[in-house]
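Look for subunit A in each of the two complexes below; its partner is subunit B in the first and subunit C in the second.
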Partner chain A sequence: MESLLTDLNRQEWLRAGAFFFSLILMPPLTVGIIRKTKARFQNRIGAPIFQPFYDLTKLLKKDETISNHVSWIFRSAPSINLSLLFIVACLAPWTTLHPFGIPGDLFLLIYLLAFSRFFTVLSALDAGSAFGGFGASREVTLALLVEPAIMLSLASLGVTAGTSDLTTVFSFENVKLQSQTGLWFIAGCGLFLSSLVELSRMPADDPTTHLELTMVHEAMILENSATNLALAELTHFVKIVVLLGISSQCFLHSLPWVWHASEITRALASIGGVFFMAAFIAVIESVAVKLRWTKLPEFIAYSVAMSIFCVLIALSRGTN
Partner chain B sequence: MAGKVKIFPFVSFMIPYIEAITPSSLFITACVIWSSGAVLTVVSDLTKLRLEDRWMTGLSIAGSLATIIGSIKSYTQTQAFGFSGFPNFGLAPLTCLTDSLSVPFTLLLGLVSLAAALATPSFTHTLATKSQHNHFFRLTFLMLSGILMVLLSANAIAFLVFWEVMSVAAASLITTDHIRHRAQRAAISYMTASRIATALFTAAFLWMQHLSGSFDFSAWHFNDPRALPAAIMLFLGAATKAGLWPMHVYLPQSYAEAPGPAAAILSGVVGKTAIYLLLRLLIQGNCESLPVIYLALALGTVSCVWGVLFALVERDLKRLLAFSSVENMGLIVVALALTMLARHHGLDMVMAIAVTGVLFHAFNHGLFKSLLMLGAASVERATHTRELSQLGGLAKRMPWTMLGFFVGAMSICAMPATNGFASKWLIYQAFFRLACDEAPLFDRAIALAMVGVLAFVGALALACYAKAIGIAFLGRPRSRQAQMPPESGIDNLAAAQILLSCLCILLGTSAGISLSALSPALNLLTQCSNDTGSFFPLAIGQLSLIGVFLTSAIYLIILGPKTKDIRTYITWDCGYGPLSARAEETGSSFSHPIGRIFSQILQLNVETEIQGKDRRHFPEAIRVETKMSPFIETKAYRRFLDVVNWLSLTLTRLQTGSIHVHLLYLFLTMIVLVLLGTTL
Partner chain C sequence: MQVERIPSTFADLNVVLKERLGRLGHFTSIDGSQLIALILYPHEGKASLLEIPLEGANSYHSLTPHHAQLHWFERATYDMFGILPEGHPRFKHIYMHDPYEENFFPLRRVHLPENFQSPIKRHFSFLEVKGEGVYELPVGPIHAGIIEPGHFRFSCYGETIVNLEIQLGYVHRGVEKRLTEVALPRMHFIAEAVASDTAAANALAHAEAIESMLEIAVSERSKYLRSMALEIERLAMHIIDVGGIATDIGLLGISSTMGRLRGKALGLGDMLAGSRFLRGFIVPGGVRAAGRSLSNFKSQITILRHELKEPLNMFLDNQMALERMREIGVLKNSLCREFGMVGPAARASGEAYDTRQHFPHGAYPAMAPPVVTAKDGDILAREMVRIKEIWSTLDTLDRLIDNLPEGQTQMEVPDKLPANKIGLGVVEAFRGELVHLVLSGPKGEVLRYAIKHPSFNNWTALAIAIRNNLIADFPLCNKSFSLSYSGNDL
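The block that comes next holds the complex of A and B.
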């Protein structure tokens, strides 16, 4: 009995260790993969996959320059945002390596993300620069359109499972969800499209452009430099991994073989899933162009439509 | 030590008396203290007595404390009390009741009035004359005693009397600055709305009296199909008072014109009395008729979206807060409707969660909205303007106001670890549970759609308050008014805000524990014996501890060592030389992208005119004009008012001014009444 207990504990600790290891390693690596893939598409060799690590460490060593108009918001926002995103990562089901079975409530997660957005927007407005203002204004507009889609996609999964705790929903244990291949797939598509917008990726925003006037996320962190910028970037990387992870989990749940696979296979599949999504984003960004700002609501309408399909599927379950 | 010994027998002598104090005596004390304050002001008007602000504030605080202690006392004991003799309103005596439902509301009244009382000196010292002082204090005291008695009234007649005291006092309070045209208009529209609410209530009360034969609230049951018209009228009256769409038009005017401390009470407590009445009658009276439910759902949902949309494009800080009240009232009413719907389908769990959400959100909204109103009052006092386009950079000059406003904004945006999150989570959870439960497909679809609507409204609220803080407090000053000297430490107004912000954070981080306190109210309303604390299982306290720990660790380890090497420099200007504050984002430009998307609802028009030879690249003059005409005011109410004006003009012909003709009218009316009486 005792050996079983320690065994369980060991397994639990192993899993937590793997989780935190991947939480620290994966965010910069994912961004590295996106950049590398994009470079290969453009016939360049590109920077090494580990370049984001080097960039972050370089930024951490530098001395900071801040605007003389800023208040405490600007200085504290990056550390608050990073810790918020770490908490989100620990609660959200973005890999199957969910440590210690912490329950991750759907509404809590959405509002934690909103919390970090609140701080990002405020710190963008803090310096009083026109670019920061533009970025902030666009960010809240996009969030407003995307938030219902994310909420409804996840809520319809929750309604099918009968709980708002996403850890249970994404645990490969709920029999009701096992047969819902279509629901999982559509939810995954909806979440992926929403993530593109939420993460300021291509059809919504070009992260590599240097024209501040058209940017969303980059415009918001324009005033950040050195350590402050490193933290803001890292926060964004973690957000990329978490959101891509959630949509890739949806896709994995729609594959029947994953339900019967062993835990290690699932873990590997979920990590591979994130990297695959990253590569997929890179492909999209290589073949698609950034949409005009006024066309974006039409693009977001696709993800809203997906979420409405999810809602319809969830409502039409056969129990009554 | 010696002192302690001396005092001890005295204290022990007092203990039985303290224990014997009943909630009723405390509430009566509060009421007497406040009313005596009102009487004092009258005396002061008539004599040479000059009332110091300090005394009046002290009286106000004493009344608030009595209310708070009374609420805590009545948490454990339900007490009915009344006066059969003197205050008899003809149809019914003055009977009162304190029970677990009135506790959250009286407690809210006590806390908000305490904060408002603390903030009062900061407002009254701007008043020049003695009579203005007296006017302000008299009406504040009358309004406070009115609210307290409204919350305690056990029968309809007493309720209506105090309801009128409250409404009239509130309306007159709005005209404290009665020279201003806007204040006059605001008071008139406030009075109109109160009149409509009172008329609807009176009709509903008479109907219910007819059905049940009693004016006592406890004798009324709304599960009777014949009570449907009364329930609808009651709901519409409460919706008018709470400021639901489309009766919300008076809210922004009146809240914006009311003096700071009064605005805090108006937005924090007065609107909640309508919610209290709905809970007392419709929920406690077992109303489950579908027309009322769907009406409440529809009006509540539209109010949510409408209120927050207009709050977002608003340029006046206080009007923004008022519109956001419309949104929150909508949210509360939606949850109330859900309670009735769940009762209709017999889903006890959903009903219990929803009604807990209603109670908690009403309480929380009272706290954080009065906090925000006090913040806006503080901004107005320092800069003499509420226009967002004139503000900016206040965070450095008014750090305490900024902190209070920031906490209030976080709570109202339902950021985790604040009380707003806990109550909004309950409302989300209730809708989510209904969607999971064994309810008809139509209702499940509505519930799931509401989850989406709430997410949408939440994102809009975030945008709205990011704008309020970002434009008013951050960035650079946009006008000379905003460049005032820095705030000098914590004054009364700041202390009031700190009190309320501490309450918001405390209730939020200990949501599970503080929610348990609502169990008796839940039991009274729905006969569910659940522990309300168990509805909120999230470990929000632990999570916020982890968050604080992580944040400070990151700050201290990574950012801290670098602090001494920071170089400050101008904001990035693309190398064109120092930017003027005009290059900053303004309130209207911040909300413009969203305004464009909803331009049909907002009636937003932007005209751009560029002059010059090569107009695209070298403009000589650019003129941009943004026009927004509130749809309801211009289209619906204007038409209605035109009809009323036309009718009254036409009907003046009847009014000849001759006494004989008027006697004839009297005679004719009598005949008609007699005819009606004999035929019916």
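The block that comes next holds the complex of A and C.
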């Protein structure tokens, strides 16, 4: 009995170790993969995959330049945001290596993301530059449009599972029970499309542009430098991994072979899934064009439509 | 080109502009005691210089309220000569701001009237838009990319631009003044450095102006080689401008390919002139270091044509990209005429004006390609004009190298200008009509060297075209005009 307990504990600790290890390593690596793939698409060799690590360490070593007019919000927002995103990463089912079975409510998750956006927007306004102002206004407008899509996709999964606890919703026992392949797939598509907007990727925003007037996310962190910039960047990287992870988990849950796979296979598949999604984003960004600001609602409508399909499927199953 | 000097009055100038008898090529002064207006007659291929004496006065009734194209010319004339256009609707400095003394007018040679006081201040002012929800967005003069300095003041209502005010002059170097000071053999170095991306066109305009004063006729071979240099410059710049648009809408694959192909086009310049940027090639009297290794030239053009086909087709087949450029930054034909726009921007609004068709320079108008126009006047139209001109430029280069005559490339040039002459060079640079106007004094010294860069006409177009567009579309619109700061600031 006692040896069984320590065995269980060891497995649990191992899983937690792997989780935190991937939480630290994967965000910069994912961004590195996106950049490398994009470079290859442009016939360039591109920076090494590990370049984001070097960039972050370089930023941490630099001296900070801060406007005299900013308040504590600007100074502390990046650290607050990074902490919030680490909490989100611990709650969200972006990988099957979910440690200690921490329960994560889907509404809590969405509002934690909104809370971090709140601080990003405040710090952008705090710096007082005109770019920060319109970047913040654009970010909030986009968030307003995308939030229902994310909320509805996740909620429809919750309805079929009969709970809003994401750990239960994404547990494979539940999936086997429901065997709703189509629902998971459409939810995955809806979440992926809204992630593109939420993560300020093309076609909503061009992350590589130098043109301040067209920026959304970048315009908000224009005033950040050195450590503050490194933290803001890292926060964004973590957000990329978490949101891509959630949609890739949805796709993985729609594949029946994953339901019966061993835990190690699932863990590897979920890490591979994130990298695959990253490469897919790079492909989209190489062929797509940044849309006109006024055309963006049309694009977001696709992800909202997907999430409404999800709700319809979930509700029709529920009444049967 | 020969110019006829005609003493005239404001009434004459008014008639010429009102009846559209000719194009306004330049409007400035010689030493501050008169105004001169260069009138170009494209259909006759001639030019005349209207000289309006001020008779001791230091001001005149502004012509801008009736002829909008004089808008910047009158401001520039005040900056350089201190001649006041009374009743100018938007009067302020154009080149020279805060660091200069209030009554400093660099090109003025006659004394300022006693108790002269400049009616405008040197510091920055702009048209303020007021109302709830309107905010100011200052951009520049230091920009995020490696581009030239210019300050843009947007008055925005939400995401819409209500008004854009452009302030230039940060790269004012006093080129025109310097050109009156140096000896003739050294002049062409300064002339071609007016705007380095337009080196060949500026050198050609300078050479044409000087040669017309000295009454030298250059050999046929030189004319062809000069045209080739001009076309290579146009080719390279049009390629990178299309690539720039691709960058700004996020088609990075196409933009990096265009960057590489621009390098190949510059390689043609190296073959022709021994300088990728065609510096020091066109000089008064002919060309230097001519035809080093033209044996591969034709095959290189064929390769370039082949390599350009695919990225340009990919660009034009991408419906998202076309949608992104359509109906943004529209410049109507009527406005285009009123403001006297030039170059691809004017041709995209349906104005069929290409100086290669009308005025002799290099091997033109004999070898001039047909004029490329479009009618919509939006970003897409401007890019279509550029892309079609890339093809027509490649064709022209082919024809020039096929028909390249044998002969001398360098004529003897005296090292002094003749007295009391006027020289004029009108060249189609890749941005449009470029004018160099030289007037010599009684001892053969240069009294006035006036340059009108095509950007000088088109900066206003940008400010007009962007009104009521989205602020996020400005960089794209700006790129589609592809204007020069240093060429404007002189």
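Following the convention adopted for this analysis, the second predicted complex is superposed on the first by the 313 of 320 C-alpha atoms of A that agree within 3 Å, B and C clash if a C-alpha of one lies under 4 Å from a C-alpha of the other, contacts with A are read in each partner's own complex, and residues count from 1 in each chain.
By definition in this document, contacts are C-beta pairs under 8 Å (C-beta built on N, C-alpha and C of every residue); 3 or more make two chains touch, one makes a residue touch a chain.
Bear in mind that the values here come from a model prediction, so they are computed numbers and not experimental data.
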First (subunit B), second (subunit C), both or neither touched by A:130: both
Touching partner for A:144 - first (subunit B), second (subunit C), both, neither: first
Partner chain in contact with A:65 - subunit B first, subunit C second, else both or neither: first
Subunit B versus subunit C as contact partner of A:152, first or second or both or neither: first
Touching partner for A:315 - first (subunit B), second (subunit C), both, neither: first
Partner chain(s) touched by A:288 [first = subunit B, second = subunit C, both, neither]: second
Winner by number of subunit A residues touched, once subunit B and subunit C are compared: B
Contact residues common to both interfaces of subunit A (with subunit B and with subunit C): 130-131, 133-134, 138, 293-294
Of all residues in subunit A, those that touch subunit C in their complex: 38, 41-44, 130-131, 133-134, 138, 202-203, 206, 208-214, 285-295
Sites on subunit C touched by subunit A in the complex: 135-139, 144-145, 156, 159, 248-253, 255-257, 260, 318, 320-321, 323-324, 328, 470-475
Subunit A to subunit B touching residues, read off their complex: 60, 63-69, 71-73, 75-76, 78-80, 82-84, 86-87, 103, 105, 107-108, 110-112, 114-115, 117-118, 121-122, 124-134, 136-138, 140-141, 143-145, 147-148, 150-152, 155-156, 158-159, 162-164, 222-223, 226-228, 230-231, 293-294, 297, 307, 311, 314-316, 319-320
Subunit A partner contacts - residues on subunit B that touch it in the complex: 392-393, 395-396, 402, 410, 413-416, 421, 425, 428-429, 432, 435-436, 438, 441, 444-445, 448-449, 451-453, 455-456, 458-460, 462-463, 465-467, 469-471, 473-476, 537-538, 540, 543, 546-547, 550-555, 558-559, 562, 565-573, 579, 581, 583-585, 589-594, 596-597
